[in-house]
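One structure is given here, and the rest of the page talks about it.
For reference, chains read A, B, C and D in written order, and residue numbers begin at 1 within each chain.
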Amino acid sequence: MRLAMIGLGRMGANIARRLMRGGHEVVAFDRDEKAVATMAGEGAIAATSLEDVVARFDGQRIFWVMLPAGAPTEETIETLTKLAAPGDIIIDGGNTFYKDDIRRAKSCAMEKLHYVDVGTSGGVWGLERGYCMMIGGEEATVDLLEPIFETLAPGTGDLVRTKGRDGLDNRAERGYIHAGPAGAGHFVKMVHNGIEYGLMQAYAEGFDILKGKSSEKLPEDERFSLNLPDIAEVWRRGSVISSWLLDLTAIGLAADHDLEQFTGHVSDSGEGQWTIDAAMEEAVPANVLTAALFARYRSRVDTTFGDKLLSSMRYGFGGHVEMPQ
Amino acid sequence: MRLAMIGLGRMGANIARRLMRGGHEVVAFDRDEKAVATMAGEGAIAATSLEDVVARFDGQRIFWVMLPAGAPTEETIETLTKLAAPGDIIIDGGNTFYKDDIRRAKSCAMEKLHYVDVGTSGGVWGLERGYCMMIGGEEATVDLLEPIFETLAPGTGDLVRTKGRDGLDNRAERGYIHAGPAGAGHFVKMVHNGIEYGLMQAYAEGFDILKGKSSEKLPEDERFSLNLPDIAEVWRRGSVISSWLLDLTAIGLAADHDLEQFTGHVSDSGEGQWTIDAAMEEAVPANVLTAALFARYRSRVDTTFGDKLLSSMRYGFGGHVEMPQ
Amino acid sequence: MRLAMIGLGRMGANIARRLMRGGHEVVAFDRDEKAVATMAGEGAIAATSLEDVVARFDGQRIFWVMLPAGAPTEETIETLTKLAAPGDIIIDGGNTFYKDDIRRAKSCAMEKLHYVDVGTSGGVWGLERGYCMMIGGEEATVDLLEPIFETLAPGTGDLVRTKGRDGLDNRAERGYIHAGPAGAGHFVKMVHNGIEYGLMQAYAEGFDILKGKSSEKLPEDERFSLNLPDIAEVWRRGSVISSWLLDLTAIGLAADHDLEQFTGHVSDSGEGQWTIDAAMEEAVPANVLTAALFARYRSRVDTTFGDKLLSSMRYGFGGHVEMPQ
Amino acid sequence: MRLAMIGLGRMGANIARRLMRGGHEVVAFDRDEKAVATMAGEGAIAATSLEDVVARFDGQRIFWVMLPAGAPTEETIETLTKLAAPGDIIIDGGNTFYKDDIRRAKSCAMEKLHYVDVGTSGGVWGLERGYCMMIGGEEATVDLLEPIFETLAPGTGDLVRTKGRDGLDNRAERGYIHAGPAGAGHFVKMVHNGIEYGLMQAYAEGFDILKGKSSEKLPEDERFSLNLPDIAEVWRRGSVISSWLLDLTAIGLAADHDLEQFTGHVSDSGEGQWTIDAAMEEAVPANVLTAALFARYRSRVDTTFGDKLLSSMRYGFGGHVEMPQ
């Protein structure tokens, strides 16, 4: 199929590459002309503007927007809505807030355009491993895009098959699902990222406790000096907590045993926060996912005003003056 | 009554003073001779050693040990156990772990000594306000010490009386309780401190959110520059969250609006940790008390190894390199 | 001053009463005619409709809207905006989300109306104790309403004065503050409620641990059967954790030692959730306030799907089948 | 090698089987004669008592104790200590608290016995997949047991090799490590289980949020009815959160979409609690691991006294009476 990739950052470029390797035609556009030239060098059809993108199609157009969530995506989709013809398909493959998808799908429907949201996981490894995709939109449109998703997905690979899936939708086993109407794809991806934060923090706390076991605060005969790279590695082998994140942990620790290259300031993208919003809207307790998010906030400041307030109260009732330790 | 105060730090000295003001005789001992001399100057009977303390009594002795929990208290009580005569009373007024009280009470009973644990709250304000006391030990011994507790406690004061207390033990209304057998006093005090951590952290987080509302990260028309000293003050007046800790917060903020004198490193004593241990032994969920304790741990380090591990994983799947912000 | 009270529920009626006691004239309106008749019997000027409310003023009108947040308040204010004349003042005294205040203040300004938001704490006790008020709006309007706030506030009372407040705004000491522009009042009240949840949960967990200490799961010589009403009472007296919430706890426990009249399902209003939203917008960690909110969510369901998923995983790796305990 | 397996429950029996398949000789003992007979039928040397176990060796004996942690393990090891001869090796393969290992290793050393602790992960799947093992003890003894560990471990299998491990200890890649002196094996296994709880709870909360998205509490156009078995399945394929626990989740959901066979009461073993103890001893914040543990406590009770206390306070200040919802 012919598909326009709008946004040729790391993710967009790799998705375009995997599509071309799979025999699809890609119209490539980015504000950065060099990025377009690079893709053209790899076989893509270069476009110089959104208008030009539109001109590169005969009949039904498929636009895959792969831009930062928020204004860049919003403005591009608004423009496309004006340039597109009835029946065209706009795919938002970025990290959009799902309520924006619901709103946009309604606007698109008024113009007889089809809107599809695709939550995509796999990071920089997706080009080789394939992308795990969670898709929202009308059934007919999602079905029509089947060849695209088929190419991008990891496929069944050599994973042990889950017992009991006979008769269930086999797209899940090939690495993509039609999660529901517009917004459902990004909603499922959002929760995926919320879980990701929780998993990561669980490992982080565990390794912190392993590391802290050599602390001189402990009685000497209760200290252990543990080999963290070996521990991460052995847990990959038959343990209950083996995972892809643990594989990455093992790689990271093998390369830099003390992780000295990192400052310890950890970013978060919107999905973690939105997941907590969703939990609160549903009145679902989510202590682990929230604590994981808050640990990242805390990692980015040296101290908090709240910490100082604690010291102030302690001074108030006990005459303690807190000193750095 | 005559009572020996062993340990003349801030707490011990003030308790001794309040007892003397209430007409009791205090035998004062501390390893620091100056502290003893100071108390003697205020009317106490100076003692030069634990042996000397023992010699200053005719008949039944009452020892109030007011030393740091752990080795100092343990060793002193061991020595007293040897020096004392059957019928003597050893009071541990410090912050001892309640299981140590249970053990010691058994040892004391074998020597026909009486062991009483007194958890004491009130901080440096206790000399004037009186001490809130939670007492563990045999009923007869606690009853015998009534004049001591009566003097040290705040008394009913002018607090609004709690409806429905007719017929209940009026010692609680005067500021002390006999909580149960040995250990029960320190157990109740331990939970008191666990709650204290939780309350303090609730205020700390709230004021952090008030403070953060002026952040330039927010859209300009959603920012407020709030007057924190005034907010603390107004909440003292008829609000649901008025409390003594809020009174202290108001004092602290009035004196130093930005709390610049504090580094933000916050200590914790054993009680917070022991409260979580107790919760786990009982299988009681205690997310708030635990989060309050962990916030203090986090306040004392610049970064954690776990934070770096998060960055390492993020680098692994997304090629992100975390930078300080 | 003459003020219209729109909404005569528990809060609105008591505020109207306190105003009349303070010499103000109150125009009373509610959809429930009986509520209006009751207030009229206590000296208010009865109104039969919002139009009638408007007709009861000569010159500048002051409307105090005291209705449930959301649609009831929104619709009433919309109607008032149409009925009012330039210079009139609309006060929202309910639990409105502060971003709604910001929006409404802008709309009102276009009609030359003044919008003021008043966050009010004090519950059913406010009639006697006075109301703690956090106010947002233009300075001139808030100043003009001074006599109203003066009457409603608790006043300085006999609380110990906070050191260091000479030269600071004395309205805080009388029980109300002008927190900032429109929305600031409800923002501060929102954080107040967030803190309230945290404080309440800290006490809840502490008393849970005290209660659990009698559990038969514990070794017999480590169990205590503690008197919770007495503990709550004694902590009111000179302890670090004395507070108004503890006063209420002591009343509740004295009346019903085992709190058997309560099911344990605990509601939450919007402010707790909005406080977490604010924390996330500011990237402020708020583990305690969040855990307090989530404990309420959890209290309202018998089990969660997540709990079942844990059992399913345990069955998967260990062959455990979870049984009720 | 010849090794005695003491304790033939699910884990002990399977470990014995894997050893025998690997060419080792197993002396089998259990208090349950049937269990012994079963193993004998599979080729093991049956023993009728610990004394008989001892008699079944010429020269250096190797005892693998695989019993519930606590009294059963403790008593068995005490008895073995008396029966064994200098040079014999006692392995504790259960879930023992690592401080007990440290203590026991000292006692054993006084009798010239060697004590080795082996933390074992893999559950019921270990017989086929192999066991991930974390080992504590003296280097020479661990080296001597190499053939045992080699047989039990999963081996390198077909996992992608971690970059950067050239020159590092290759035992980790084969599925076992010598973590340090006695206790280190169980310490690492303990943290493994702490992490396991955190990972599981992260998935549990995420699926709870997915499930809750169909709730009628939400506005109709924001509800999604999501297919959880398909979501679990697709996340196995190239997503960042793929893991073995997710594989099990996918199996569980495929078999029973609503997990109706489970009550939602979730047990915990000691390791989760000990991990938090270790975190507190090291002053390491561990909000996620703790919240995961507490969620299990909460799952096992219908309500808490703390919940009722919240309602009591709410009644106190607001006149609310909480009703079931």
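Following the convention adopted for this analysis, a contact is a pair of C-beta atoms (placed from the backbone, for glycine too) under 8 Å apart; a residue touches a chain by one contact, two chains touch by 3 or more.
Here the structure is a predicted model, which is why all the values come from computation and not from measurement.
Averaging C-alpha coordinates per chain and comparing to subunit C, the farthest chain turns out to be D. Homomeric contact subunit A/subunit B is classed as same-residue, with over half of its interface positions used by both copies. The distance from the centre of subunit A to the centre of subunit C, with each centre set as the mean of the Cα atoms, comes to 39 Å.
In whole angstrom, the spacing between the mean C-alpha positions of subunit A and subunit B is 47.
Centre-to-centre, using mean CA coordinates, subunit B is 31 Å away from subunit C. Of all residues in subunit C, those touching 2 or more other chains are 123, 125, 201, 203, 205, 208, 212, 240, 244-245, 251, 283-287, 291, 294-295, 298, 300, 304, 306, 317, listed in ascending order.
Chain-to-chain contact here is organised exhaustively, every possible pair of chains being in touch.
Those residues of subunit B whose C-beta lies close enough to touch subunit D in the complex are 240, 273, 276-277, 280, 283-287, 290-291, 293-295, 297-298, 300, 304, 306, 317.
Listing the residues of subunit B that touch subunit C in their complex gives 99, 102, 121-123, 125-126, 129-134, 153-155, 157, 159-160, 162-165, 168-169, 171-177, 179-181, 183-184, 187-188, 191-192, 194-199, 201-203, 205-206, 208-210, 212-213, 215, 217-218, 221-222, 224-227, 229-231, 233-247, 250-251, 254-255, 275, 278-279, 281-289, 291-292, 294-295.
By the touch criterion stated above, subunit B contacts subunit A in their complex at residues 10, 123-125, 200-201, 203-205, 207-208, 211-212, 244-245, 248-249, 251-253, 256, 259, 262-267, 287, 291, 295-296, 298-300, 302-320, 322-325.
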